[in-house]
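Read through the structure below, which is laid out as structure tokens, and then see the notes.
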């Protein structure tokens, strides 16, 4: 399949490599052209504008950091909506606001194009290892058509629903679930530490049996070891995502009290100058409120 | 070892069977004597008072529903404190208030006795299958002395600290962690359901990869299937435990905002007449607040 | 009227003085007898036991610090329940747990006596100035009979309902309302201070117009001036009351999320060693979470 | 003074009338021109574009519903930034996002103009009666220059700080404070109602003494009488404002847990189809969570 790809951050680079390895023809564009060199050596075709990408491919994937970046490549003169042909498909793979995705879907539809949202679960190393999860939402025929592409990218594809916004909501619900797990681990550690328990013993309990899972294993360890400076995902990015989850809750008419607790911690961590620590630093806010630090 | 055992609810019955099977000599007392018959046929010795139990055994285990029940067998004339010999050990295995356990430890100490707290993780079927987790706290020498008994009861013994209250706090932190996981699963399900996602797909995501663990598997399934009438642990009992966790937080000087969210849900479920449903019914409160039911 | 009075803390002393000034005959008991001297000079009759008080009076008022103290003068040999005559009335004027009051009412009823709960709004200076508010709950006939006594004590009597527990709940709801006002003032001050507003200007706004009331005037001033060391009511006592409010919420099946926020602040203040500051120090916890201090 | 005015909703109409009555020369523009007629008969000069307004006046006031509307009259060709002369002052009197106001101030500054933010406290009837409160923020010289205009509009001018965003933050803090008062009144009413208290008695207590103020008088009455269909300010508008308050908190690094509680109620009310009721309907969400309705 001829695939366009816009947005070559660390995730995008890994995803294009994987698509090339699966035998797809990939046309790439990035604002910073220097990032293209290594991909070109792997077989990618470099384009100079989103329009050139759209000219070669019937399916264009975008992997962008936020709504503003996605808006910049879709709206206005030369934006994807103006350059994609009728019937072409745009798959937005970043984590975006539910209402923004719905508006973008409407704008593409008005131009005779189709938007799928397909946010992903996993980091660049998961892409490379073929362990990525993909959540896709949008027109079922378009989803069927694109499944080979999405399956090339990862281990499993979850089909959220016919509304692209549903995929965004599901991705944000997943991230919220993780934030909430981290928050409660942090609260529980503060409780046992101030009650005289060796935190390493509590770490052992949390990672044993009932909660034994990648999420709890990862974050109980960071919190027990206070190793927030080994950053997987920052407080700042987590705050962006939890705000999107709360906005999704508002759009859907769903109060999310546990998300509020997480948001308050992330704001507090930012206020304490810890926005670039790993988001497990939410536990430091709990420790502060408990007089531990 | 000669072991006394007081409190033959479903947990107590399973625990005594296991101790007998491990070759221990077990002296049992229960307010309702009829419960003793089956254990006697397995080799247990029935006693008519806590004092008779204490007269035969150097280590007395109690497995009682709450602080009131434990107080009833320890305080006053004929209570364990008045009848146990100096140097004897009482292991309280129920889930109790941290400050109550500390006071009881002081009262035992004043009588020359030792209190260990050893609350457990698991249901009667986990006892029978040898999968119980045990959290022990108290005097290290007494803990060492009793380890064979505790190891006979389960799969793994977690040593919380030298303060018996620390074991209570750790057990309550574990239960709070579970409550908080259930709560956030319920919030996330409401968010995706109202955003147009098939809840079964979200169930698949939650039980796959990042959160794959007994806790999330169990409760995502109950919430996706709305099967709260298959009761594992009731709203009422969960409310008791979350109140104990919050009291432990107060004793330790640790605010627990996520526990507050859970407590509000459990109170709400009770107010809606659902106190005897499975505690996953917390998700029904979230559904109510979201206008889903 | 012949009135008994038990519990001569600062509130009790002021209340007895007022009753004497209104021409009532007052029989007083206190564990620490030295407190009686000044009252005797004002005309009070000193008694050596609660029983002696009950022997002289048909209505006994108690003004005690907590449930434990009230239990100590009511239960057991020589306690009010054992010594009061049939038909006699006990008016509990302290701030007590709703369920404790209901149990005490049942115990008095079983002995043919009547319990009214009549918690008060105001400090000792309000008693002296005749500005006390009184909330009374219990049997309507007994309330009517005792109205002259209650009206002698203060400015206004609020009749909560026929259940003595309802008066406790109303008093606790009032204190919660005040806690919540202080908490939100503290949050708002942190918001404007970190947004570049002179806090004195925000103080002027809060005490002007919409919120102009004793509660907001008092606490906006303390928070603007950071004068928590001029203690009106301590963090520790407030934490006791907010716990009682939450317990009343549980008894009634009412989640109180704003009370949870206050409780977390009060626990945090205690954890930071500020339990004896004025409860407006809740705002210090907000300031901590915001990185202001 | 020659004053421009853009945005003739109910507030804007009342404000222009008041400025005319004070003897100012007022040039008005509105997208819907029909609204201008009555003002013209009072002496206002109708303009056909924002540019025409800016051509006549050195001070332009805007009173618009939200950031989108304000952006529409300030940005782009013919927007205020492009047509105002150097040194001219724009006073934004609506309730806007703190960061939006700061960005707008920068954009005006880049064009050599000055932005003041001057959000107001009160409804149209308060404007007419001269009881409006005005909170102003921005360059002190410009504030001094415009004080006569602001003082013509209301009873009292609060000077927030030299950053226009500080005035927005202060206005949002005020609205949050009111939301939080309503929320806690709703919680307290649910508590007393389910505890057997006549809500009218609790109403009397809340409006007496400690909390006697317009805010508590107004909302305790609505909640006691369940008169949410007499709408002063809707749930929908309140949700917009509380979201702005939370965004201001994020901008300033201030977690606002009480605002989260209010936001959840407002989302819940919306989910229950009550977005156009008076915002006191937050108390209905509390009643739902308590099983009262």
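By written order: A, B, C and D. Residues from 1 in each chain.
Assume a residue touches a chain if its C-beta (ideal position, glycine included) is under 8 Å from a C-beta of that chain, and two chains touch if they have at least 3 such contacts.
Source: prediction; values computed, not measured.
Comparing the CA-atom centres of all chains against that of chain D, the greatest distance is found for B.
The centroid of the Cα atoms in chain C and the matching centroid in chain D are 38 Å apart. With each centre defined as the average position of its C-alpha atoms, the distance from chain B to chain D rounds to 52 Å. Our note on geometry: chain A versus chain D, Cα centroid distance of 36 Å, whole angstroms. Residue positions 194, 249, 253-257, 264, 268, 271, 289-291 of chain A each touch two or more of the other chains.
Arrangement of the chains shown, judged by which pairs touch: all-to-all, with no pair of chains left without contact.
Partner chain D is touched in their complex by these residues of chain A: 239, 243, 249-250, 253-257, 260, 263-265, 267-268, 270-271. Residues 98, 121, 131, 133, 135, 137, 156, 158-163, 165-166, 169-170, 172-174, 176-178, 180-181, 183-185, 187-188, 190-192, 194-198, 201-202, 204-206, 208-216, 245, 248-249, 251-259, 261, 264, 286, 289-291 of chain B are the ones touching chain A in the complex.
Listing the residues of chain B that touch chain D in their complex gives 194, 257, 264, 268, 271-273, 285, 288-291.
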